[in-house]
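Once you scroll down, you'll see the structures, which are given as structure tokens.
The following pair of complexes shares a single chain, subunit A, combined with subunit B in the former and subunit C in the latter.
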Partner chain A sequence: MTFRSARDLEEADRRDPGLRQLRSTWAPPKGFARLKEINNTFIGMLYVLTGIFFFVVAGILAALIRAQLAVPENDLISADWYNQIFTMHGTTMMFLFAVPMMEAIAIFVIPQLLGARDLPFPRVSAYGYWAYLLGGLMVLTSLLFKVAPDGGWFMYVPLTGPEYSPGYGPDFWLLGIGFIEVAAIAASIELIIGILKFRPPGMSMDRMPIFAWYMLVFGFMILLGFPPLVLGDILLEVERAFDWPFYDADRGGDPLLWQHLFWLFGHPEVYIIFLPGAGVLSTVIPVFARAPLAGYVWVVLAAVGTGFLSFGLWVHHMYTTGIPVMSLSFFSAASLAVAIPSGIQVFAWIATIWSGPGVLFRAPMLYALGAIFIFVAGGLTGVMVALVPVDFQVHDTYFVVAHFHYVLFGGAVMPVFAALHYWTPLVTGRLMSETLGRWSFGLIFLGFNVAFFPMHLTGLRGMPRRVYTYPADLGWDWLNMISSIGAYMVAAGVAVFLWDWLYWHRKHGQVAGYNPWNAGTLEWHSVTPSTNFSMRSVPIVSSTYPLWDEPELGDRVDRGEFYLPDSPDERRKTLRTGSVMGEPRQVIFLPHPAWSPIIAAIGTATFFGLAIFKLWWLCAAAALVIIIAGIIWMWDAEPLPAPNRYDVGRGETLPVHINGADTHGFWAMALLLIFDAAAFVSLIFSALFLWTVNRDLSPPVPEAEPGWALAAAGLAVLASVFFRLGAFANRRGSMIGLVLGPLAGLPAMFASGGALMGSLFDAGISPTENAFSAVYWTFAGWTGFHIGVGTIFIFYTLARALAGKVTPERRQSVMNVELFWHFTTGLALVSLIMIHLWPRVI
Partner chain B sequence: MGWQITSQSNPRYDSMQGIQSVFEPRSIQADAILALSNWVFAAGSLIFVLVMALLAWAIISRRRHPPLRNTVFIAIGGFAFPAVTLSILMVFTVLVSLHITSPAGENAVRIHVTGHMWWWEVQYEGPDGERIETANELHLPIDRPVSITVTSEDVIHSFWIPSLAGKVDMIPGHVNEITFTPTEAGVMRGQCAEYCGLQHAKMAFYVVVEPAEQFDQWLEEQAQPAVEPVPDLLKAGQQAFVDQGCGSCHAVRGLPGAVGQIGPDLTHVGSRLSIGAGWLDGSVGNLAGWIASSQHIKPGNRMPSFDRLDGKTLRALAAWLESLE
Partner chain C sequence: MNVIDRDSLVGMVAGPLVWGAHFLTCYIAIAVACAFEFETGGPGEWGTVKTILLAVTGIALALIAVLILLAWHRWMQAGGFEKPRDSTQARHQFMAVGGLLLCFLSVVAVIYAAVPLFFLPACQ
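The block that comes next holds the complex of A and B.
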């Protein structure tokens, strides 16, 4: 039989116990307890709604900006309000809309696209979502009290430093955004592992849906691109709170250090936003062109290439800071080079359209075509601003405002609207209105160009950015008026979209049924709306567009012919497959709804919220809440049923629990440490940078007894050895060895951290003295923080051991903790080198 | 207190339009940048039209494949074409970059500008190497290279005169240099281009490019101390300046006690085109308005509104300042 409507499914449900089991296993909790739900479908939906909420808020701020600038010398909005408004417009759009929105779409759609029941760590997604919501609201609240950050979304020091911004504004930014970065990292780790390890059998990497490729690059870019900002944030907050002078030119610091750290993040950030958008275009265009994506390999290489190149361009935001022109030319060339992968993608889209039997102009396709138009224009002005002489003139003018709005609207906003039109039926089971879609597209597309095209001219005619008003008669008056009119057209278009999306189509939209767009990818394999568990059974896939190449596949999935077609034990589970070839390897028991993620998120929000007001003791209490929630959360990790095999259907069984470097838990720890290491490398970069810019001050040599440093190094290595021995003993079945190893390693590590700080005390180095001494103490503090976290991990592991949850067969958590400890030892050693060796050899 | 158009009281130029525009270059460097920009704008527009035409053709076409094989089409359009054009562009651009950043040479006019929130401290290097201080206005000779070194006393600002050159950032702890050679006389406007806090929007200045003799004369005048007031009104104005303690923030060379460094040097404030850093036309009425309500005109600047002054004192003070030519 075939499934073409919801009624067919109901029919099947009555006769099919497997489907019934799946439904009850994956049913969300009822009533208020629904907030416990951690399933990606639910969390993804909330995530998307929240992303659009912040988009609307940031859009309202944009409307206020355009109202103020519509006429010269306007006194509608005062300078202090205006500065908060434009800062919050940029901040909200970048940190609360663009990046989270892409994560949101991916969290919702990636498991369905990949035939997985959920993402690898559903509680991490839930925690990330709640952290994002609370952090975002926290930052927005500051606006209600007129204490919002007003230093621009780029937060340049010294304007945002303790001297020129003594208020709370920058703290809201630094801590609120820092908090949201936590959510971004959670999502990136989740997506990387989800894409690499949670695909359906048979989906080797060369058959992955193109969107998954883009999101994989996206995940790695967040993992490596956010750390410099996280470090810069920490340094600035420490400078504000404790007067450590990293950016203070009078004490050997440098305001340009902030700019380097910010743009080391900020430029990859642009592509972090653009790549998912391009991924949507590469997904939507083939569907409506009715042809497979042309040049799949080229597009994959272009996405990966963009990811690499984007880390080499950051200085093009700093052409005017006095860097020698030949150095600038290097970054100029790199900035031009990034046009090549973008060009490849545009030509791949054109070739795809050419290959099909004719384009279907449905709303998602209109948005996609609009996106190409706007993005190509933005890309070409991007070439212009990449040229050093041209940028000398247009930098920080409305020309740049026009340029990056073209790039981001074409590369992100239009694709988001395309994606929402395209994938919403998966949530509501109904298609959005084509008529309203045309209206919203027309208004947004036209309005956008009316608003932003004139800004190229406004900028060339000399109008700088971020001015709350401007004198009449300089040639900017009517251009600004036109821009404001265009902005309100965009607002009208967004309103039409929202009306349709939130209300109209849910009441009156055409029922979407089965595969309404005739798409080729797995999320459309069955009747919409999709279920919490994505697929009745996890299919075997043999091409990039399985629904096109095997028209019967959807029905076979729905009949439960493939893997995991039932759930007699009422446990949520999914399949883990090999990263490259996608062969089944393991059944993962997924967690069920729980309060711990939301409690941990509230704890985190409280922590950051209190830190804004420097209430350190209450912060410690909030940290305790996070730790307790985390331990409760992790307690049921590593389920090991007896026997350790699960019948996945088709006469096959797979292990439920495995140990080793192949597990998703180990990968998560490794990816987290990659993030951590990238932030630590940014700290080393900061030390080297300060050394190169300081002419009068060189890194002070800590004149301490050499015994301190040697002891610290020796003890750190000793701690690692003890831990290795403990883990080794566990493998041999020795419980005593398992307990003794960490218990011996812990004091050694504490002594090592103590000796590291002791060496600084002994040398009389105070962190407020100059930028280098502050950096030394940051190295020491970084190591100390890891020792603290590692201590919690150790006691957690020991508690598990005592509860009988650590055995030779269940050693994964020990392995993860051990990895963390060796990493900490590495940090201690590198810190010692940077503090004691480096100043002596330079 | 509305903004008054500077042109109404300054016959030296006719219109505000274009005095702060990249499209009105008046130096060798600004010319070179505009020429490069125009080429790139033209080429960019052409490429945009071509790509959109290809897209339209792809939509209309019924032949079910691009003119070439898919991968060849992508390789040529997406890879080879941009690689070649961008390489050529890069070489061309580096030449322009080197040209516009070449050193100013020995006979350059040397000026040091320091950014403050939200005004410009200007120091000319005199013929004998002495420093001549003024604020919020530059005068430059035609056809002589100019070297301007910039820094900041507080936050980051950016120094920008679109008609003469690109931007250069003023960063605490750094000294950056920009060089250019003006080629045409006229009045231009410059503005801070790096967001620098509350009144970033009202941090501008005027630049007067004039023949060499006029420039030399102007510089000589600027080097002089302030003139002694003769009429009673001006004497009263000077007295008010002393009584109100204005000198603790503002320097007026030649007036004992007026050595403040917090605000602009006022020794020749009467000769300037604007007050409030390029925001108000420098008329006597605006001077009085500024003194009485600077916090209303430019909220948050460091000068308090002297609204306690009676009308007579205010008029005298403004008249004296206006007389400092």
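The block that comes next holds the complex of A and C.
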């Protein structure tokens, strides 16, 4: 009795109290309060809409670029405007469309795909979404006032440094994009934990939908790939605001440091964009080829292998910067090796098509095939530019513009359109039009090739990128004209798509009903549009394509035969399962809609917005708003009902509250700290890098008594010991110990931070003096920042303790805070080594 | 321990982790050697750096070889190509083959990175 139509669902609702409870528990708030909603279906939908909005904005900018370049000597757009426009086109496409769009799709479908009711931290996704929206708008407003960044999407210094860009442009970029990275991290933690711990029972790693594998790798790549950029951002903003000379060659800095940090992020970024796209293809192709994905384990290998290798490629964007040839060759090697998994993937897709009874050429499949074609073409020129001598030749010409658009369009844009055609019925309950789909696909695919194939030739004929116009008669004119015509064909195709997506199919589209594509994965198990809670009951899964292998599974889910089939207490909840095998372990009580995430996001946006204009006191006020919203938000963490068991149906009960390293809360803290550690390692990398390029100015040895440094180290360790004792006392049920431990640890930590700074003052090191002293102070500042955050955590823990929310049975928040404190101690120790020991040794 | 457990995800990606360590070592060694101008008669000897890196490559390959043997062994224990009888066996096969393939990819990547050591001058 799967619900085959919306009417079935309404009828069942009348007869079936469990279903009714679920529907009322998960119903979104009405009216204006709807904005409080944090459920992944709602947030995911807004996220997708916003991603497409930014795509359209960046597309309009591309249309302006192509209008300007259509004919030689054109004066439609001035040089200054042109610089802002192409910078914002690139920036918006990369940071506001490509990455967030993939997060958006994942936030919407991953829980449904995995039979979870929601992601592990719904408020975090809500916060991330609002941060993304506000941050994106903030970056775009700069364009309205003609103060947009104009240094290219990779913002090379010294062009973007204080000397050559005194205006606000780069600050908009650094702070706006920096802010959006917060959203990316939020999404990555959410997805990693969601995929590893919130799968349905029986879905072991080898049965995960392939899209989940890709998104898992995607999450880890964001976690490790974004930190270098975040660090580079911070250093550049600090250089601009406070004149700390990290990149200033006159004072021992080095502009190449920015390039390293940027591309340490930037190359993984290309794969961060491309892997989810490949995940969409690996999902869509089997459905329309009507055969399971060929070589599942090979495709997993490709996803994981690409994830790793992509971190060994960054220098290939810097071949022409005079780095030792031998080093270049390592990166060239990795660039060639990464072609192997990509190739395997393409073969798996072809084999899938081969093994099926014939392909159904529906719109999602057309987009998928178009994506493969374009991506393979881009990959071929990619192998060309990965060769050092070729790159010397075509570097910074339109050849490169053609290459990366092929990769990005094939790797991201076409798959996004495939995904939207494929999954939209989950939102609207209707199929998008096949006819309009063919038109939009035809226009986009043809238009794209018409626009970008000629650019290979303009590039080989020597046309440099980033020029606002060009003289006639260099053999570039008609090629550019063709490119512009192609670009407008793409625009027309996108317009057709939007018309269908936003309006036509909602009114006139065919009703999708039950499993319209005859797909095999769980998100299609029941009638569309899907419910906010994804599943009437959380099924037990026994294969990768449960709907194909067990045709009656959908019925049984809808009858409520499996886990959590009702919600008598009207609390939102979901199952947590083991990471590898997927056995049920815990019932998670999820938060209900609240204002705190959106308020925290507005606070954060205000903070970053004010920082652009250096209004520090107002920034402090905004920070206060964030802290208060954060504390309100966290206050109801760790629900512990009595008794601590919940009846999940099928005669089983599971605990609601668990302590320990296996919980999703602990994992979130640990992943956040991995991110943090990666940024810190990037800082160490920066110190080492400056040292290798600057052998005549070796890092100054702080001429201070080692006493300061030793005291700082000792006190930091002491603070950790106190905290450990406090946590230990809590475990033994001693309230006094729990309060005293942190209270004693706190002054020790402050003293340690003080001694660390004292050691720098004592040695007379000032941050503006040279690049090394600036790095030293950054080490100190990094530690200091953690001490500050840790202090807030401590007072929060103490407040919880006084409110009786910390007991031996309920000690997860204490464990998390403790982890953070030990991490801070680690930072202090490593910073001391880098400041005091390292310069003496070398 | 849980890491070499047959169900461990870290165990599955051990091969690429070795590749990462090898890659970083090579990159850092060359960067430092060139900064100290080893090639043009600085305090060190270019030949030594090269020997060290070749040794590191050897160690990396040996480590991956061990991982391959382990994964192979696990795969055979899980029945090799045999059709799995139950979900546990299916999972063990998957984890073993996944690890094995990732190891092969890592071998290729490590060798690719080491090849230029034979042919190219270091710092130019």
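The rule is simple: the second predicted complex is superposed on the first by the 840 of 842 C-alpha atoms of A that agree within 3 Å, B and C clash if a C-alpha of one lies under 4 Å from a C-alpha of the other, contacts with A are read in each partner's own complex, and residues count from 1 in each chain.
As a convention for this text, a contact is a pair of C-beta atoms (placed from the backbone, for glycine too) under 8 Å apart; a residue touches a chain by one contact, two chains touch by 3 or more.
Being a predicted model, the structure only gives us computed values, none of them experimental.
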Figure out whether A:W595 sits in contact with subunit B (first) or subunit C (second), or with both, or with neither.
neither
Subunit A contact check, subunit B vs subunit C, more residues touched by chain B
Looking at A:F728, would you say it contacts subunit B, subunit C, both, or neither? Reply first, second, both or neither.
neither
Quick one: classify A:G202 as touching subunit B (first), subunit C (second), both or neither.
second
So, does A:A337 touch the first partner subunit B, the second partner subunit C, both, or neither?
both
Touch check for A:S329: first (subunit B), second (subunit C), both, or neither?
both
Could you say whether A:S542 touches subunit B, subunit C, both of them, or neither, answering first, second, both or neither?
second
Who does A:L309 touch here: subunit B (first), subunit C (second), both, or neither?
second
Scan A:W298 for contacts with subunit B and subunit C and give back first, second, both or neither.
both
On subunit A, the footprints of subunit B and subunit C overlap at residues 298, 325, 329, 332-333, 336-337, 340
Tell me, which parts of subunit A touch subunit B in their complex?
73, 78-80, 83, 150-152, 156, 158-159, 164, 249-250, 254-256, 291, 294-295, 298, 302, 320-322, 325, 328-329, 332-333, 336-337, 339-340, 343-348, 350-351, 353-359, 369, 372-373, 376-377, 380-381, 383-384, 387-397, 460-462, 464-475
Residues of subunit B that touch subunit A when the two form their complex:
2-3, 5, 15-23, 30, 32-34, 36-37, 40-41, 44-45, 47-48, 51-52, 54-55, 57-59, 61-66, 70-71, 73-75, 77-79, 81-83, 86, 89-90, 93-94, 96-98, 100-101, 117, 154-156, 158, 160, 162, 165-169, 171-174, 176-177, 189, 191-202, 279, 299-300
Could you please specify the touching residues of subunit A with respect to subunit C in the complex?
202, 204-206, 296-298, 300-301, 304-305, 308-309, 311-312, 324-327, 329-330, 332-334, 336-337, 340-341, 542, 579-581, 688-689, 691-693, 695
Quick one: which bits of subunit C touch subunit A in the complex? Just the residue numbers, please.
7-9, 12-13, 16-17, 19-20, 23, 26-28, 30-32, 34-36, 87, 90-91, 93-95, 97-98, 101-102, 105, 108-109, 112-113, 115-117, 120-124
